[in-house]
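After this come two complexes, each holding chain A, first together with chain B and then together with chain C.
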Partner chain A sequence: MEYPFGGYIGQILRVDLSRKKHHVEPLPKDLARNYLGGLGFAARILFDELKPKIDPLGPENELIVATGPLTGTVWPTSGRFAVAAKSPLTGVWGEAHCGGFFGPMLKYAGYDALIIQGRSEKPVYLWVDDDSVEIKPAKDIWGHNTAETINMVREIHDDSQIEVLSIGKAGENLVKFACIINNYYDVAGRTGLGAVMGAKNLKAIAVRGTHGVKVSNEEEFLRLAAEAYDCVFKEERLDGLKYYGTSPPLIDMKRLVGDLPTKNHQTLIFKEAEKFGCKAVEKYFVKSRACFACPIRCKKIHKIPSGKEGLIMKASEYESTCAFGPNCGSDDYRAILEANTLCDLFGMDTMSAGTVVAWLMECYEKGIVTKKDCDGLEMNWGNSGAIVTLMEKIANREGIGNLLAEGVYRAAQKLGRGSMKYAMHVKKMEMDLNDGRGHRSMGLTQATSPRGSCHMRSLVVVDQGFAFKKVATERYGEDKLPEICDPYAEKHKALAVKDCEDVYAIRDSLTMCWYACGWPPAFWIDDFAAAAAATTGIKEFGDVKEMYLIAARICNLRRAFNLREGLGANGDTLPERILKEPIPDGPSKGQVVNLKVMLRDYYELRKWPNGKPRRKTLVDLGLEDVAEELERLGRI
Partner chain B sequence: MAKIVYTGEGCTGCTACVAACMYAHDKEFGVGASRIWIVKEEPVTDHPIVCVQCAKPPCRDACPVGAISKTDDFVLVDEKLCIGCGACVEACPFGAIIIHPNKKVAIKCDLCSGKEPQCVKFCPPKVLKLHTPALAPKAKVK
Partner chain C sequence: MEVTIKIYGDLCKKAGTDTIRLPIDENDTIDALLIRLGKRHPVLLEAILDPTTGELKPYFNILLNGHQIQRMGGIHTKLKHKDELAIFPPVGGG
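Presenting the complex of A and B:
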């Protein structure tokens, strides 16, 4: 029978690797209605199906790949999907989001979501060909990098149009920040979900789909989609992304406002940063590529002079450029691209990898580790050769790489000698390349993000770089000015962070790209509501209030997941450096983050006294069962 | 002779055209039953493939049941006559005709039957164009 709502397929594929079995379940209507899709599905399924305190690398953990109602339609930037599991890096809620083409293909094969449970004895890959699902041996593919894996799987099935999720050496070797790669360089990067796949002995998931996605209100959907494309075409603020990609414009902006984490966040000014700016890298540009149905095309291919031919590589995104560049004190663009490419091939998160290397460099600078400790590598700031070498060592867990592969928190714990002071992490996840001292709301974002330090869950844009007064007034009211637009003020930031967290929960459930709503005024929650209603035919989705309700449900559920694991307000903090060490130079000179004030406001807005949801907060969202479980465990 | 042309530069491989094409014909967004597809090779190749509406179509000549004909404007498959044997798929030098995975008949670009071709409409970098004889002198082909 056809699913009553448009956009959805109406089926979930569940695969048990231990028992080598799979079956198809109907997508519960109330799951679609109350949790929207993608992230929402994953939050509900993981809370229901995982027992607290399980080993993230054990067979009890589940890997969820979930799409939303918009995934696979031609709505701009909707070709995304969410991956979630209990994270081996943080030991709590783990989620990552990815572009590329896998999400749409999963839906075309006939599934809104994929649940992988159990653990295979031997390396396998999953082959989903419409209705036919097979768990196939991956003996010959195991050990190959992610690009080779994609090519080999496509060759085995003699079809270049198959979409593949794969892990590389890092995932196989259970590097705590291993990632999952789709389409060579589209990455579900953070929280170490590649290690979850590796622990399950699952090398790849390959999908081919010949069906399609229907929409409920065709006329309205096509009209809105056309308008959405127009909006992206006309939006000048997106031009930087279209022509240069994510990295050069952001580097240019952040180096001017003094918000570029440098030398393991010792300062926010990097003198050589101009070398990564628009003007400097323009000459390397070869080609733009895009994820499914995306008019922004932020993926850039660069050609770096080298030998006769030159090296052609995917240009790194902002976070990766900053992680391997300024934050490691390096101005070597080619080495940054090489490290970035190696991370893609080995299947490692660039942000975490860059941050652990920066930590090692600072330990070296402070005399905590010696050249001998580092396998003979001189870990001076900016030693780009060492950075590239370490990528290989981490993925293969060789020598010092074995320590770094545990992530910065565990590495500092093992090393001791006062190195924890330099471990830049939140909830055990390495910091992204942003700093609350130069962009205050970012401090609260990183501290409260359920998956550990992360800029994507609630990144407030209106208080940085450009003057966004008009948008800030529209969203939060004129009385919130000027503080709401002031990068160095704590006041009203909780309001903006909470609002963004809600909107982005909807974005990740639909599932759309961050860049669709990143630079205002592209899309915001009213656009999402209209698109969701037209696609699904569920009228209530058209109401912004209903969208906020669903968002609050998802945010509370993620919080409940972490509380059940014993992580509440104690995890909502920042590294000591961000809280106490003033920035020494540049426009942000003298700044530190007063997190307490922002956290107090944030908890009040969320109705989470002391960081714990009230029973009533949960019941009002229809999460009575969640409240009961947390009460039973004595967590609230 | 009208046809869809690629300007030769600027395809990002996003496949919006592919999904839009399938929607125009099947009312479903998908890639499995589309009449346009994209060759993608690492590191820099993205190239749309679609019927060039040959003057002497090999698919027509190969069809054993006469289901493919050439009108003034384009090459057309009569789905009622088609037996899904795939002879046309073998004969096409471009890979621009396929067997519909569910309907099991040959499908190829029909220029959206005279309406606005949806691949052209939805192409985000606007590098697909409808080339018609009247427009030919003006069409910019890089």
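Presenting the complex of A and C:
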């Protein structure tokens, strides 16, 4: 029988690797209605099915791959999917999001989501070919990098159009920040979900789908989608992304305003960053790439001079450029792209990898580690050769790489010698390449993100400057000016962070790309509501209030997941450096983050006294069962 | 006295250059400089200013020595010798 809501397929594929079994479950209607898709599905399933305190690398952990109602439709930037599990890096809620083509293909094969549970005794890969599902041996693929894995799986099935999620050496070796790669370049990067696959002996998930996605109100959907394409094509706001990608324009801006983490966040000014700006890298441009149904095409391929032919590599995103560049004191663009490429091939998160190397460099600078401790590598700031070498050592857990593979928190814990002071993490996840001292709301965003330090869960851009006054006024009211646009003010920032966290929870459940609504904002929650209603036929989705209600449900559920693990307000903090060390130079000179006042406002807006949801807050969201479990465990 | 104007992102293509040096007089402000800039690079000025209000278009940004001009005196901020003005198309994020 056809599923009653459009956009959804109406099926979940559950695979038990321990028992070598699989079965198809109907997508519960209340799951679609109350949690929308993607992130929302994952949050509800993991809260229901995981027991607290399980080992993230044990068979009890589950890996969820979930799409949303827009995935696989022609809606611009809707080719994404969510991956989630309990994180081996943080020990709490783990989620990552990915572009490419896998999400649409999963739906075309007939599934809204995959649930992978158990652990295979031997390396395997999952082969989903429409209705046919097989757990196949991966003995010959194990040990290969992610690109080889994708190629080998496609060769085995003699189909170059198969979509493959794969792990590399890092996932196999349980590097705590191993990631999952789709289609060579697209990455479900953070929280170590590649290690969850590795622990399950699951090398890859390959999918071929030949069906389609039906929307409910086709006429209205196509009208809205056409408007959305017009917006993306015509808006000069998106030109920077179209021409240069995510990194060069941001590098140019952040280096000038003093917001570019440098040398493990010792400062926010890196004079040589001009070498990664628009003018400098434009000459390397070869071509643009796009994810499914995306006219922005923000992904770029660069050709770097090297020998006769040159080296053709994926241009790094802003976070990766800064992680291996300024934050490691390096101005070597070629080395940045090499480290970035190695991370893709080995399957490692670039932000965590760069941050853990920056920590080692600061330990070296401070005399905490020696050249001998670092396998003979001189870990001076900017030693780009050492940065590249360490990528292989981490992935293979070789020498000093074995320590770094544990992530910066555990590495500092093991090393001791006062090195924890320089471990830049939140909730044990390495900091993203942003700093609340140069962009105040970022401090609150990083501190409250359920998956650990993360800019993506609630990135507020309106306080990156007064150029955003118009949109700040529309969203939050003129009375919030000028503070809400002031990069160095704490006032009203909790309001903007909470709002963005809610909107992005919807974005990640539909599922859409950050660049659809992030910055510059092509779409916001009213656009999402209209699209969701036309796609699914669920009229209530067309009401923005309903969207905010669903978002609050998802945000509270993630909070409940972490509280159940024992992490609440105690995890909502920032490294001491961000709270106490004033920026020494540049436009942000003298700035520190006064987190306490922003957190107070945030908890008040969320109705989380002391960081814990009130019972009533949960009940009002339809989460009475969640309230009861937290009460039973003494968490609220 | 002279100031340097750096043009970023795809605005360079419209301006045909990424760096412009212009002389200034004592007490000159940013708006006076922009008028002078418009005479030499009209396409650039069209790209960044709203034709009806004459104000900077939403999302476009002007920095003076790395500081947002709105945190100072806006377009009425006084300029001094060797100041560096940066003109940005829409950009933001992390």
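Some observations on this one:
By our rule, the second predicted complex is superposed on the first by the 632 of 636 C-alpha atoms of A that agree within 3 Å, B and C clash if a C-alpha of one lies under 4 Å from a C-alpha of the other, contacts with A are read in each partner's own complex, and residues count from 1 in each chain.
Quick note on the criterion: a contact is a pair of C-beta atoms (placed from the backbone, for glycine too) under 8 Å apart; a residue touches a chain by one contact, two chains touch by 3 or more.
If you're wondering where the values come from, they're calculated on a predicted model, not measured in any experiment.
Aligning the two structures on chain A places chain B and chain C side by side, free of any clash. Contacts of A:P587 after superposition: chain C is touched, whereas chain B is not reached.
With both structures placed on the common chain, the touch criterion links A:Y184 to chain B but leaves chain C unconnected. In the superposition on chain A, A:G325 makes contact with neither chain B nor chain C. When the two structures are aligned on the shared chain, A:G192 is found in touch with neither chain B nor chain C.
In the superposed model, A:M253 lies in contact with chain C only, and not with chain B. When the two structures are aligned on the shared chain, A:M105 is found in touch with chain B, with no touch to chain C. Shared-chain residue A:H455: touches chain C; no touch with chain B.
Shortest separation of chain B and chain C in the overlay equals 17 Å (C-alpha atoms, whole Å).
Once both structures are placed on chain A, no chain A residue is touched by chain B and, in the other complex, by chain C.
Taken in their complex, chain B has these residues touching chain A: 10, 12-16, 19-20, 22-23, 26-33, 37, 39-40, 42-44, 46, 101-102, 121-122, 124-125.
Here chain C touches chain A in the complex through residues 8-10, 12, 18, 56, 58-61, 63, 65-68, 70-71, 86, 88-94, going by the rule given at the top.
Residues of chain A touching chain B in their complex: 72-74, 76, 79, 101, 104-105, 108, 147, 160-161, 184, 208-215, 218, 226, 229, 232, 286-295, 297, 301, 312-314. Here chain A touches chain C in the complex through residues 236-240, 243-244, 246, 249-250, 252-253, 256-258, 277-279, 318-319, 432-434, 439, 442, 455, 459, 461, 464-471, 482, 485-487, 518-520, 586-587, going by the rule given at the top.
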